[in-house]
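Here's the structure, in structure tokens; my notes come after.
Labels for the chains are A, B, C, D and E, by order of writing; each one numbers its residues from 1.
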Amino acid sequence: MSKILQVENVVAAYGQSTILWGTSLEVKAGAVTTVMGRNGVGKTTLLKTIMGVITAREGKVVFKDRDITALGPAGKAKAGIAYVPQGREIIPKLTVYENLLLGLEAAPDRRAGIPEEEIYRLFPILKDFRKRAGGNLSGGQQQQLAIARALVSRPSLLLLDEPTEGIQPSIAQEIGHILQQLVQEKGLSVLLVEQKIDFARQVSDYYYFMDRGKMINHGSAEEMDFASLERHIAV
Amino acid sequence: MKTTRFLFFCFLLAAFASCHNNAGKTGENTTDNGETVKIGVLHSLSGTMAISEVSLRDAVQMAVDEINASGGVLGKKIEPVIVDPASDWDLFAEKAKELLIDKKVSAVFGCWTSVSRKSVLPVFEENNGLLFYPVQYEGEECSNNVIYTGATPNQQLIPAAEYLMSEKGGGYKKFYLLGTDYVFPRTANKILKAYLLSKGVPNENIIEEYTPFHHQDYQTIVSKIKRFAADGKACVLSTINGDSNVPFYKEFANQGLSSATCPIMAFSVAEDELRSMDTEFLVGHLAAWNYFQSNDSPENKKFVEAFKAFCEKKGLPGGSKRVTDDPICWAYTGVYLWARAATKAGSFDVNKVRTALSGLEFDSPDGKVKMDVGNHHLAKPVMIGEIKPDGQFDIISKTDNLVSPQPWSPLTSPDKDCDWVNHKGTYTK
Amino acid sequence: MEKKIYYLLFIAFFALLLPAGHLMGWVSINTISLWGRYFCFAIAALGIDLIWGYTGILSMCQAFFFCLGSYGIAMHMLLKTSGSALPEFMVWNKVESLPFFWVPFQSFGLTLVLCLVIPSLLAFVIGYVLFRSRIKGVYMAIITQALALAMWLLFLRNETGLGGTNGLTDFKTLLGLPLSNTYVKLGLYLMSLLLLCVAYFACYQITHSKFGKVLQAIRDSESRVSFTAYKVMDYKLAVFVVAALLAAIGGMLYAPQTGIITPGRMDVKASVEMVMWVALGGRGKLKGAVAGALLVNFLYSICTSLFPDSWLYILGFLFVITVLFFDKGFVGLMDNLTKRKEPCY
Amino acid sequence: MKNMLIAALVLWTQWAMAATDSTTIFVSQILHDSEKTYAIQQLVARQDPQTFALLNAINNKKLYLFNNEAVTTGEKNGTSSYEIYSLYPKNELLVNKNGQPLHTSIDALTVVEISRADRLLLNGILPILELFSPEPAKRMLAYGQLKDSHAPHRIEMLQVALARETNTDALRAGKDILYAIQLNTTTDAQTAKRYIDSLAENWGDNAPVFLSAYAKSKKPFADYAGQKASSLERKYDYLQKVQNLFSGLSLGSILILIALGLSIVYGLAGIINMAHGEFLMIGAYTTYCIQTLFTEVLKVPYTDLLFIISLPLSFLVAGLLGLLLERLVVRHLYARPLESLLATWGVSLILIQTARSLFGDLTAVKTPAFLSGGLAVSPHLVLPYNRIFIIGLTALIVLLTYLMLYKTRIGLQIRAVTQNRNMSACLGIDTKKVAALTFFFGSGLAGIAGCAMTLIGNVVPDMGQTYIVDSFLVVVTGGVGKIVGTIVSGLGIGFFTKILEAFFQAVYGKVCILLFIMLFMQYKPKGLFPYKGRLAED
Amino acid sequence: MLLSVNNLAVSFGGVQALSLSHFSLQPQELRVIIGPNGAGKSTFLDIICGRTKPDTGEVYFNDRAIMGMTEVSIARLGIGRKFQQPSVFPGLTVYDNLLLAAKMKKDILSSLFFKPSQLLKARIHEVAEKIGLTKVLSSIAGALSHGQKQWLEIGIVVLQDPKLLLIDEPAAGMSDEETYKTGELLLELSNNHGIIVIEHDMKFVQQIARERVTVLERGKLLVEGSFNDIRNDQRVIDCYLGRNNTQLENL
């Protein structure tokens, strides 16, 4: 498997407090790579740094053999990375359809428009709610919308931050299915940050464990020993 | 910890700076030490009044430059101390104190609005200073420490009303007294109303109305005027101040009124205000002042030229397009009056200068004017002008003699008068 | 301990050295009065810091409360000055008899009480109406600003019976003491300094009590405070009234030292400037409020004399730059300069 | 050229032939500096309508010689050229060979100096003289002055004048007087009733006064006149109400125009822009500068076109300066509304002072000719064109803004960025560009408002301060970031202000409005149109 | 009966958010409410604590009608609320956060002249110990991690010593281990307090649901029963749990 994204010794901080202390990671193309770890170890910061929301102080982010460390979030989005943050971050006062339209901003070809058929096939609920304000959707619906919005930009890499947080089990399950489907059918690469082992096990191909801003362990799903995994997340 | 220390030293520094500001001169009572004599210039250079007052600062500066060029006063050059009271009335008092107590100036030239004058008045009286006040005002004041070079009500209001009622002025019978709500319009209208009533104008033919400062929306008022003027022979006596004038005149024209149907006699619109205004709507309306730039005496022509040249040379906004007007003329004249009086007294001492000012005559750009013997005001001619398209006035009426000033109008305060020679200022007859 | 020494030095400097300097002839009485007036502003600024810095409510009508105090005391002084006659402005305003609301101001005791009661009462009513409907943040700022504007317009009117644009001026005596007397001026100055110290101490106590913590909690998360069983509205109202009171006290001392009070002191600009002092000094820190009020006003005085043509640019840029780059004000700036950098996240 | 010569010759011969007439001799004396005083006295005594035009010109100090002929100036055309009217023996507009009105600069005319004393000789016949003035306004005034006249010859003169009257307003004013005089002189009851009807139907300015005066007399049909008078009064009051509503609408439009930009910048970008009023001032000064640049520097004669081109230019200039402000200051202040309020306050101080030192003082812009005056909807209802223009402009701009924000890609981007800056960036939107554009647009709108404001008021450095607090109130009352809210509350506040102004004075009206808004906020603390449902919670 | 609710209904903009005919809770009962997103669970808690005004209905707390009372009076009666998004005072220290919450007189004057007693200090330290924040007591609450804030908020609610705790998604954003610890904490609290918990994490629900679980759907009560009943209820599986759910199979 070739790698689509490579993070090398990244150091990042909020103001004065450093969160990432030389984190490295590889994302395989056409697979789901999951980062796990306890609260506050820097998983979300890692995604934000990859996306460019936080600037890396040291280290490199290489995407498709191109060094994109210095690009801002908009540039990275246009390069083909889509981001579904924790808390979904739907634009609340825009309608569902307008939120989807925003996905087009980073699409390689704007004129192609929203692949409505495909989106509504994956997320039928969005079709009915097209004209509702995004902020008025329930949490699960917002999560679906956020993923759909990310897909509209036809990314090659999808960054997902805790997609199941506060989501009912059935939708979480559905999201898992959709993810698998996307990876298998479209060869999408996914970098997932997750705390719940159950969901991670459902979708992941490769695991990283993170603690205090560094990767402490990694391995493929087959070779993973989940007992030791839970130990890592504990403490 | 360190922050507190830092702050403390900041205050220390500030306090020392503020002391240093005045410490040097303390202890010396005379002001005419050295080669120069200081005068204070107290006109707002920022804030709402800057629009009018900056020109007065320029006029004072020009008079000072002229006097200095011709050798100064009593062998000393005049050194103007210019401060900016920023249209902030409290700051006027503060700056007056600074000029009198700390800078120890011999005289102060300044103020425009009544409130600024009222604000500094106690300061001048307390410290025995001398203020030259160049703007037409409401009267009912008579301070020993103020020289009023602007007009009193009887030098502006009454002649204007008289003119409008006269046959040649149009014989108007109904009067709409419209003003901005502050002391000058209020007092002016009180006097005007008393005058009109005394001339037999029935009460219902007089309407009094006030708008706030910077009022812009005159739709309602103009439609009232229109109704009032419908049956002819009505005029407006306007004490509207500053930037409210243009919206008022525009609305006036837009609702179909004109100087022919209902003329506006303005008491606060002078050339400087008209300078770059679109005068189209104002043409034909009237104004009453003691001085107009269009006064074609040779002295005045010289003065106007000199002022334009001065503004151009100093690179002031407007340059050679600047115009003179009544307050500018009196601000300029004030400096000369003071210089003459000082020369006459042979001293810059306030008391001596004041005594010397009594009855002093001077050839101003407006012709010969004379300080009143007793009441610290200036006797001068009164003129009515008609606004021309170029922002100048066509002088359509002028008194033959100087009109003596009456700080207390006989119409509203018949028992009062002002005299500093035979009485102690305001007295009851 | 070291900290206390500087506070004491500060007080000693202004309470002893400056008056002594005056008596020695080094410092003019004008400078003394000037600082006296700055102290009045500083008292009002403390109130603003309480309500804005600590509680997070931006009230843009503090200048109005300041003026209420000033007007009250000015009415009293004016009545004493004009004796049995009507104040001058009423004469040209064609007012024949003393309006009813002037009558109580003939007594000094009543004046003191009214100067404190009226602003608090008004603050209470305004605060009650605004806080009841949970108006906050920007809405609060705009509405109080509009309120200040309306009150300003009202005070500008001559019909209001408070002297219109000209305001009240030409007071001669306070409690029978001539205001032009140097020692009376000195006394007023010391009085202002004393009250500033008292106000500072009181505010210090307030902000360091649990009450002060509740205020900060309201700033951080109002709903959490409610769910923790505190009546948010009571607290907001209390601090709004306290701020109004402090402003009024500042105003009461201000009028006799300045010699005039006009609506110009309470226009929109005046209120924003007051907030600006606190912002420049450092909001959320009491000494920031005091420092801001003193230094900004000092700069204003100095600059209008030294740079009459360009001072507005200087102050304007100072405002902008402070707000932009030193959002913790002078005090924050100095903290940054003097302390070792530490995580601020 | 040849035609001109012939025309001149013909004119000259006419004049020469008429010169035998003594009136003509007096005229020529006036024109050619001999015995002016005597000649004027004679003409005044004759009261010959043929000479009235000439006498009028004397009274107005507009008597000139042009090709040796007495003329006066008429309508101004451009900056310095005028239409020319001949005065005697014929009073008509001079035309060039194409039949077009002849335009001449004032320098081509020779002034005939008449002393003030001589002019005062005309006082006695001024009222009737003005009946034949070329200016309708003066004629109206003259009709008015005949009100109390009972002299029969004046009535004749009035009838003569009315027969020539072309202006409808003047005609109405004249008839008003004529019917009134006839009503008061007639003794026949039926005739009186007819005149009463005519008076009421004509509905001149004085009709109610005349009718109610007549109603007080004991003459026949006095009650009838009284009824007519009060019905006219009622109609008038009704029209006043309409006028008031129009005033409210126009005030509301101004508020909307200013508040719209404010709302976009503040509601959507979270910036309280205290310097917004100053962008309005910048727009106004742009208009002023363009006018000055063209008429004074480039010496192009003034045309209305200048105002038209200033509209987009003031948008551009104010917008660009807004952009500069965004780059320098506001960029650091997103989502810190209270700090932004203070910083932009400082900026506004700087801008005002800059304007003051650049332009010095009070200036004003020339109102284009097509916007002067008003639309006379009915005799007593005049709607000024400048106000109508502003209402129209506001409607257009609101529409454009709506389309821009809700129908275009950039609008979508603006709305997205202003609600969630970071996420928008993550979606590939260049947030810096969009934020700058938002500010550009908001400031530009203020610039247009400024340009429009020159139609009403003057251009002064602190003109922005006049409406700024009101506009903030509009934004707050309408609900932040809602265009509909801004419109409704802008109109509402406009109407209420005008309605209250009719009962109270302006200031108390304003206080009432504020109290009303505070009470209103009691049950709508988030404005007229708050967001509903989950969105509302935060 | 600690809490009983009858015929509660509220709608937002025409959409029925909640329509609950009956709900009751015993003292010292720990009740878990589950249900699809948007089923009205948070709205239900909002109504109980006075944040949202219902259109109709009755809410009795200890047989006292509390509808129409303000948040403050409801809080004073003894209902504490923890929100979905942690809501603490970010500008104050952790200690001050807890201090403000502690049960005491909360009017202005008592606040002004308040001096913490030894007993209170001990109590705060005890709670801090329980929620694992002893080490960070003097740091600013805003600097805590998400999970720590969640716990701090629970601490705040506990210190209020309410009779009823309303807890909204306490496990959101927590790792499995943290979730487990939270569960233990809640179970311990349920010895002295009535607790209503909203949660999606079925593992967590299983851990704490010793008694009854309530399922809401579209604002209505779908079913109420023991965890096992619910887990196997076909309606719940259809609308909420989902079929063939691998996560559930792991339970």
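Basically, a residue touches a chain if its C-beta (ideal position, glycine included) is under 8 Å from a C-beta of that chain, and two chains touch if they have at least 3 such contacts.
Per UniProt, the chains are B = Urea ABC transporter substrate-binding protein; C = Urea ABC transporter permease subunit UrtC; E = Urea ABC transporter ATP-binding protein UrtD.
This one's a predicted model, so the numbers in the text were calculated from it and none came from an experiment.
**Q** Chains shared as neighbours by chain A and chain C?
**A** D, E
**Q** Of the pairs B-C and B-D, which shows more C-beta pairs in contact?
**A** B-C
**Q** Nearest chain to the global Cα centroid?
**A** C
**Q** Suppose chain centres are the mean of their C-alpha atoms. Which chain sits farthest from chain C?
**A** Computed centres place A farthest from chain C.
**Q** If you average the CA atoms of chain D and of chain E, how far apart do the two points sit, in angstrom?
**A** Using C-alpha averages as centres, the distance is 66 Å.
**Q** With centres defined as the mean C-alpha position, give me the chain A-chain E separation in Å.
**A** Distance between chain centres, rounded to whole Å: 30 Å.
**Q** Indicate the whole-number Å distance between the mean C-alpha point of chain C and the mean C-alpha point of chain E.
**A** Taking the mean C-alpha position of each chain, the two centres sit 45 Å apart.
**Q** Roughly how far is chain B from chain E, going centre to centre by Cα mean, in whole Å?
**A** It comes to 73 Å between the two C-alpha centres.
**Q** Give me the residue numbers in chain A that touch at least two other chains, ranges are fine.
**A** 17
**Q** Of all residues in chain E, which are in touch with two or more distinct other chains?
**A** 143 - these are the residues of chain E that touch more than one other chain.
**Q** Quick check: what residues of chain C touch more than one other chain, meaning two or more?
**A** Residue numbers touching two or more other chains: 153, 156-157, 309, 312, 343, 345.
**Q** Which of the residues in chain C come into contact with chain E in the complex?
**A** Touch residues, chain C against chain E: 206, 209-211, 213-214, 216-217, 219-221, 223-232, 234-235, 238, 343, 345.
**Q** Which positions of chain D touch chain B when the two form their complex?
**A** 116, 120, 123, 135, 137-138, 140-141, 144-145, 147, 169, 205-206, 209, 240, 243-244, 247, 250-251, 353, 356-367, 372-374, 382, 384-387, 455-458, 460-463, 465-467, 498, 501-502, 505-507
**Q** Okay, in this complex, where on chain C does chain B touch?
**A** Those in contact with chain B are residues 2-3, 6-7, 9-10, 13-14, 18, 21, 25-31, 33-35, 37, 88-89, 91-94, 153, 156-158, 164-167, 169-171, 180, 258-262, 264-265, 287, 291, 294-295, 298, 300-302, 304-305, 308-309, 311-312, 330-331, 334-335, 337-339.
**Q** Any idea which chain A residues touch chain D in the complex?
**A** 51-53, 72-74, 76-78, 83, 85, 89, 91-94, 98, 101-103, 105-107, 133, 135-136, 149, 153
**Q** Name, in rising order, each residue of chain B that touches chain C in their complex.
**A** For chain B paired with chain C, touching residues are 1-8, 10-12, 14-15, 17-19, 21-23, 26-27, 45-46, 82-91, 93-95, 97-98, 101-102, 113-115, 118-119, 121-123, 126, 138, 140, 181-183, 186-187, 190, 210, 212-213.
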